[in-house]
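Note that chain A is present in both complexes that follow, paired respectively with chain B and with chain C.
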Partner chain A sequence: MSTKVVVSSGKKLSKRLSSLLAAAGFVLPAILFTYIFEYYPMVNGIFHSFYRWNGSNIEIFVGFENFKEILKDSVFWTSVRNMLFFLCASIILMLPTLVTSIILFRIKNSRMQYLYRIVLCIPMIIPGIVVMLLWQFIYNPQFGLLNQLLSSLGLQHLQQLWLGDPSLVKWCLIFIGFPWVGSLALLIYLAGLQNLDSSIWDAAAIDGAGPIQKALSIEIPLMKGQIKLNLINVLAGSVTGYSLQLIVTGGGPGFASFVPGLYMYQHAFGSASSDYGYASAVGLLLFLIAIIISLLSMKFIRSED
Partner chain B sequence: MSQSRKFPVTRMVAASILTVAVAISGCSTKKTDSSQSAASSTAAATSASAAPSETGSIPTNKNFKIKVMSWQGPQEQYGPAYNNAFAEYMKLHPNVKIEHLFQPNANNGYAKLLDTQFVSHEAPDAMMLGNVEGTKYMDQDYLLQLDGAMQQPSAYNSGQAWIDTFKGGAKSFTSAKSGNKYGAIAMIPVDGGPGTNPVIPFYYNKDLFAKAGVTNLPKTWTEFLAVCKKLKESGIDPVAADGNRFLLWMSFFTAYPLEPGHVAKMFDEKYRKPELKVDMRRVAIATGKYTADDPVEGTSLDLIKDFAQYWQQGWAAINEDQAKQLFLLGKTAFYMDGSWDYSYFEQNVKNFSFGVIPFPTITKDVTPLSSEAFPVSGDQQRAGWGLNKDLEKDPDKLKVVLDLFQFLTSKETQKTMSDTGVFVPVVSGVDISDKVKPFVANEQNSIPANQINEVPLFNESTDGKAILQVWATGQADKKTTMSKLFEQASAHVKKSVSDAMDEKSGVPNQIVTLQATLDKLKANHAADNLIQAAEDSLNIAKLKLEFYQQYAGTVKQQ
Partner chain C sequence: MAKTVRYSDSTVANYTRSRKGKGGEWGKHLFLIVVCLLVLYPFLLMLQMSVKDTEQVVYHFFGIGRPFHLENYSKAWHEVSPLILNSIIMAGGSALLSIFVAGLAGYGFGKLKFPGKEPLYWSVFAKMMLPGVLNLIPSFVLAWKLGLLNSYFSVILFAVGGAQPFWVFVIRTFVQGQPHELFESAKIDGAGEFRTFLYIAIPLLRPVLTLAGLNVFLGVWNDYIWPLVTIQSFDKRPITTGLAYLSTTHVGDYGPLMAGYVIASIPLIILFSFGMKQFIQGLTGGAVKL
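Up next, the complex of A and B:
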C-alpha cells in the first residue's frame, strides 16, 4: 500500500515537473531577450558610469568623478532647465488627447466613432522623423511654408526666425506636435472608458449632469489608471528624450533647445571626445530624475485599479 | 502511453525546440565572404599592417565580396567617380564584388553609424573617413595601421613603392599620422590630394552680383566684407550659412592665417614636429600655457562676429543642406562649398550662373596677427579611407582590399576619377581639368602643417559649435565665450593628457608595441624601408613620451 502511495506521488511530481519545464521553455526566450537587450545594457551602463571609457581600450575607474563633473557643468544645468520646460508643456498637452478621447467615446453613431478613431490613429504609421524633417522645412525663415504663408496673407510683420530664434525655438518644437492628440494615448483612454459600467452615465443623466460635469466628475476620475499610465510615459519621454531636438535643431541655436538626453548623446558620440562612461553617468542621472519625478507624481494620483 | 503522459512530453519538446530556435536566430553569424569557384585575375596583391609579408596576385580561386562605405552617394559628385572606378575594378577582377554603401554625413550620421558598427564588429571592410574620425578610430584600435602596406610595391604603378606614388611621398603622410597614438598611417587618400587648397572657396551667384552692382571679385577680407555690405544694402542676403559645417569651417579658416607657430613656439624646438601638433595643443591648454584670453583665438572670434552680420537670419538652426537650398534658389550670393559639389551645382543651378572665388586673404590692416597666408597643402595628404582591423583575420581578403586601393590610386584611375569627380588627384603625374583649378592651392598656401593655428580651445571643447553660435548671434560677450571654451577644452585635454601618459593604454604602451614590431621586423630580415618606417614611428613615440614627461608631468590623472 505504501509503495503504491510513493509511486503515485512520484508520478504526480514528475508530471508537475514536466509541466513546469514546459512552461519555462516557453517563457525562456522572452526572459532571455529581456535580459540581453534591456537589463544587461542597463546594468552595463550603470557599471561604466563610474569609469572613463571610450568603448575600446581606455577603461579607467574614476569613481564619482563623472557625476561631480556633470553636476559642475553649467551646460548640463541649462539642459535641465530646458527639459523642465518641455516636461511641463508635455504634461499640459496631455489634455487634448484626454478631451478628444471623451468626445470620441460620446459619439453615439458607432460607424462615425470607428471612422474618427481610424483617422486619429493614422498618424501612428508615419515615421516620426518624417514629421520632424517636414516641420524643419516649414519653419525655415527664408523659404519655409510658414513665413511664405504669412507673406502671401500680407502678414510679413508676423514673420519670425522660428527655430533660429532662441526665445521661440522651444515653443516651435512644442508646436510640432499640433494638435497634440497622441494615437497610442488615445487608444489607452478609450479602452479605459469602454471598461466603465454604463449604469454610471444613466445615473448621471438622472441627476441632470451636463457634459462638462460628467467629464470632470465621472470620466476623468474613473480614468485615473489610464491617466497615470500615460503620465508615466510622458514623464519618462520628456526627461530622457532628445530625438526631436537632435533632428530639428541640434540643441541650438546655441543651447536654447539643448536637453540632457542630447547632452548625453554628444558626450558619447561627439567628435572631440567619445566618453561612454561619462554619457552612461548622465544616463543614470536621468534615470534617477525620471524615477523621482514619477514617484512624486504618483503620490498625487490615486488609482482605482 | 496515455494521452495525459504524452502531452507534457510534447509540450516540453515544443518548448525546447522553440527555445533553441530562438537562441540560434538571435545569435549573429558572420557570413563568409568567399566561396570556392574558378575565376581569372592577374593583379598583384600586397601585404598588411606593419608586419612584412609576401607580395603576389590576389587569390583567384575564391570569390570575394568587399563592403566599402562613404558619404558619396550616387547623386553626390564623387559617387559616380567612385562607382565607375569600382565597376572597372570588378571588370578587371571578376571574382571580386564591391558593395559601395552610402551613408549621408549630415547631422554626424556617418560617424554615429560607424561608432556602433565598430563596437559590434559589423563595420565595412573600408570606409571613407575625415581626419578627426580617422584619428579617433585608430586610437580605438578599429583601423589597420597601413605603414607596412604603403611600403610595398604598387601593382599599378610600375612597381614603385606605393607610398612614393603619392604626391609628396612618405613626407606627405606626417600630418595624417599626427594625433593618433601609434603615429601610424591610418587612411589611404583617394580623392582631394595635396595641392587641394585646404581652405574651402566660395561659390557665388553672378546674377546677384550684377544686380547689386558688384563688378570686381573680392580678393581680400576687407573687399569681401565690402561686397557683402553692398549685397545686403541691395536687399540680398550675402551668405548662406548654417550652424554646423559652415560655422566649423569659418572658425578654422579665420584662424589659419593668424600667427603661425603660435602654439609650437611654447615648446622646445625639437618637439615642433607635425606628428606632435595635437599633443602640443593639448599640453598647452592643460598646463595653462594657452590661456582663456588667448589673443590669437580671440581675434578669430572677432573675425567671425564681423562676418556673421552678413549671414542669413536664422542661420544657427539650419544645416548645410538647407543652406545649399538657399543658394540654389538664388536667395543668397555666396555659399561655401568644396569641389565635391561642383557637378551638383552644374546640374541643378537653373536660373543663374555661378562661379567660384577663393577664400579672401586676411590682410594686416584687418589684424596685425595675420600672416596673409594660408596653410600649405602641397605636402600633406588629408583624410582618406580606413581599413577595418578585422581584415587581419582574413589575409586573402585583405590582399584584395589593398589591391583595390592601389588600383584606385593608379595614375589612370586617378585621371578618370578626377575628371568625373572634380578633385585634385592624390598621386603625382596626373593632369587636372579646368574645373578643378579653382580648388587648387596657390602661392599663398605657405604655412607649414605644424604651425597652423587650429583654434585649440574650440577644437578641444565638447560644445564648441553651440558656444560659437551664442557668440556669433551676439548673445554672449567675448570673455564669457572664451571662458566657456577654455573650461570645456581644459576638462577634455586633461583627460587626454592623462590617457597619453597612462602606462597601460598610453604612449608607454605604444612604445612597447612599436618596439616589439621593430624587433620582429629585424628578426624576420624585413625590407630596409619597413624597418626604417617602424624606427621612425618608434622614435616619434619616444619623443612624444619625452615631451609629455617634460611638460605635462604635473597634469593630474582624472
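Up next, the complex of A and C:
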C-alpha cells in the first residue's frame, strides 16, 4: 500500500517535472531571445552612458560628464531644433492621410473603393530605400525632376540646389513624403471606420449635415483610437528616427538637417574616434524622451476612454 | 469584403433619397484619382527612366522615346541580384524563426500552466513599451563580441529578439481566444504538448502567423541602419545598404540605377501578391486589436 503511494507520488512528481520541462521548451526560446538581444543591450547601454567606452580596451567611469558635454554642444541643440521642426511637420502632415481615409471610406462604389485602396498600398511594397533614393534623384540639381520641370516651364531662375541649400533642405526632406498619404496609417484608419454603424450614416443624411460636419461628428470620433496610435508612432518616430536624414542628406549641408538620432550615430560610427559611451548617453536621453512621450500619450488615452 | 457589400447595400437607399450627392461623389473620385497619381508618380518615373540611357535622361527627361534600353536591366541584374539573395536570406530567416519562437511562446503563455507564468510573460511584454533607440550601439558591441559581424546571423538573431515582445503578445491573445476544448481533445487523444501545438495550434494560428511573418520580413527588408553597421563585407550586403552604395558609385548611370531599383522591388511585389489580402485583413480585421 505505502509503496504504491510512493510510486504514484513519484509518478506525479515526474509528470509535473515533464510538464514543466515542456512549458520551458515553449516559452524559453522567446524569453532568451528577448533578454539577450533586447534587454541586455538596453541595460548595457544605460550602464555605459556613464563611461568613456570604445567597446574594447577603453572603459573609464566618467559620471555625468557625457551628459554635461552633450548639453554644452551647440551641434546637439541644432539637432534638437531640427528635430522639433520635423516633429511639428509630421504631426500636421498626418492630416492628408486622415482626409484621404475618410473620403475613401465614403466612396459608394465598393469595387472602386477596393481599387483605390490597393493603389494607395503600393508604396508599402516598394522598398523604403528606393523611395528615398528616387527622391534624392528628383532633387538632383542637374538632372533631377524638379529643376528639369522648372526649366521646361521657362522658370530657370527658380531652380535651386534643393538638398544642397541649408535653408531648403529641411523642407525638401519633409516633401519626400508627398502627398503624405501613408499606406499603413491609411489601413489603420480604415480599420477604425469599419466599426461604423450605417444607421448613424442615414441619420446624418436626414439631418442634412455637411461633409466636414459629418467628418467631425461621425468619422473622427470613430477613429480616435487609431489617430492616437498613429500619433504615438509619429511622435516616437520623429524623436528617435534618423534613417531618412542619414540616407538622403547625411545631416547636411553642414548641420542643417542634423537630428539627435544622427548625432548619436555619428558619435559612435561616423568619426575615427568611436566614442560609444558618449553616443550611449545621447541614446539614453532620446530613450527617456521617447518613454515620457509614450507615457504621457498613454495617460492621455486612458483618461479619454 | 462582406462588410463593404453591406455598406453599399445600405447606401443604395441613401443614394436614391438624395440626388445632390452625385456631384459630391464625382468630387471624391477626382480627389482619390489625383492622390493615386501623385502617389504613383515617382514609381512611374522610375519605370520610364529605367529604359533610358543617360543622353535620353538629360535631353528627353519627360518623354518615353525609343530605343528602349533594356540592357539596363541586365546590367543592373548583375549588381543587384546578389543583394536580393542576401536580403531574402536575412528577411526570410528572420521571419520564419520569429514566428516559430513567438508561436511557441504565445501558445505556452496562452494555454499552458506553469509557475511564474505571469511575471515571465510581463517581462517579455514590457519591452514593447521601451523604445529601441538606445540599443543600436550596445547591440553592435554584442554582435561584435559574439563574432556575428559580417554574418547573416547578426541581422537574423537581433530581428527575432526584436519581434518577440509584440508578436508573443498578439499570438497569446489569439490563443486565449480559441475554445479550450479544441486543445483538450487532442491531449486526451494522447498527443503531447508539442504535437498539439504543431497539428492544432499552428493551423489555427495561420492568419496571425502570416501577418507576423510578413511584418518581420518587411521590417528586415527595409532596415538600413542595422545592416549598415554590422555588415561591411560586400558579398553579404542586403538591398538597402547595397543600393545606397551603388547610387554613390554609379553616379550619373541613371538608367541602370533605376532598373536596379525596379528589380529590387520585385520580390516584395511577388510576396505581397500572395499575402496582401491576409496582410490587409489582418490589419483591418481583428488580428491586432487596438
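Rule of thumb we're sticking to: the second predicted complex is superposed on the first by the 259 of 305 C-alpha atoms of A that agree within 3 Å, B and C clash if a C-alpha of one lies under 4 Å from a C-alpha of the other, contacts with A are read in each partner's own complex, and residues count from 1 in each chain.
To be clear about the criterion, a residue touches a chain if its C-beta (ideal position, glycine included) is under 8 Å from a C-beta of that chain, and two chains touch if they have at least 3 such contacts.
This is a predicted model, so every value here is computed, not measured.
> Looking at the combined model built on chain A, do chain B and chain C fit side by side or clash?
These partners clash in the superposed model.
> Using the superposition on chain A described above, determine whether A:Gly55 touches chain B (first), chain C (second), both, or neither.
A:Gly55: touches chain B and chain C.
> Which partner does A:Phe143 reach: the first (chain B), the second (chain C), both, or neither?
Both: A:Phe143 reaches chain B and chain C.
> Just to be sure I read the superposition right, which of the two partners does A:Phe300 touch: chain B = first, chain C = second, or both, or neither?
Neither partner.
> State whether A:Pro29 touches chain B only (first), chain C only (second), both chains, or neither.
So A:Pro29 meets both chain B and chain C here.
> Please work out whether A:Leu163 is in contact with chain B alone, chain C alone, both, or neither, and reply first, second, both or neither.
The first partner, chain B, only.
> Can A:Gly254 be said to touch chain B (first), chain C (second), both, or neither?
first
> Look at the residues of chain A and decide whether chain B or chain C touches more of them.
C
> Considering only the touch criterion stated at the top, classify A:Ile291 as touching first (chain B), second (chain C), both, or neither.
In the superposition, A:Ile291 contacts chain C only.
> Using the superposition on A, tell me which residues of chain A are in contact with chain B and, in the other complex, with chain C.
On chain A, the overlap between the chain B and chain C contacts is residues 19, 22-26, 29, 33, 36, 55, 136-137, 143, 246-247, 268-269.
> Could you please specify the touching residues of chain A with respect to chain B in the complex?
Of all residues in chain A, those touching chain B are 15, 18-19, 21-26, 28-29, 32-33, 36, 52, 54-58, 60, 62, 65, 69, 74-75, 136-137, 139-143, 161-166, 169, 246-247, 249-255, 258, 266-275.
> So in the complex, the part of chain C that touches chain A is made up of which residues?
Chain C residues touching chain A: 3-8, 10-11, 13-15, 17-18, 24-25, 28-29, 31-32, 35-36, 38-40, 42-43, 45-46, 57-58, 61-62, 101-102, 104-105, 107-109, 112-115, 117, 120-121, 123-124, 127, 129-142, 144, 157-158, 160-162, 164-165, 168, 192-194, 197, 218, 221-222, 224-225, 229, 239-240, 243-244, 247, 254, 257, 261, 264-265, 268-269, 271-272, 276, 280, 283-285, 290.
> Applying the document's contact rule, which stretches of chain B touch chain A when the two form their complex?
Residue positions touching the partner: 4-5, 8-9, 11-12, 14-16, 18-19, 22-23, 26, 107-108, 111-112, 115, 119, 132-133, 136, 139-142, 237, 243-244, 312-319, 322, 325-326, 329, 331, 459-467, 469-470, 473, 475, 484, 488, 491-492, 495, 499, 502, 505, 557-558.
> Could you please specify the touching residues of chain A with respect to chain C in the complex?
On the chain A side, the touching residues are 19-20, 22-27, 29-31, 33-34, 36-42, 44-46, 48, 55, 100, 103-104, 106-110, 112-114, 116-131, 133-138, 143, 145, 148, 152, 178-179, 181, 184, 187-188, 190-192, 194, 198, 201-202, 205, 211, 225-226, 229, 236, 240, 242-243, 246-247, 261, 264-265, 268-269, 276, 279-280, 283-284, 286-287, 290-291, 294.
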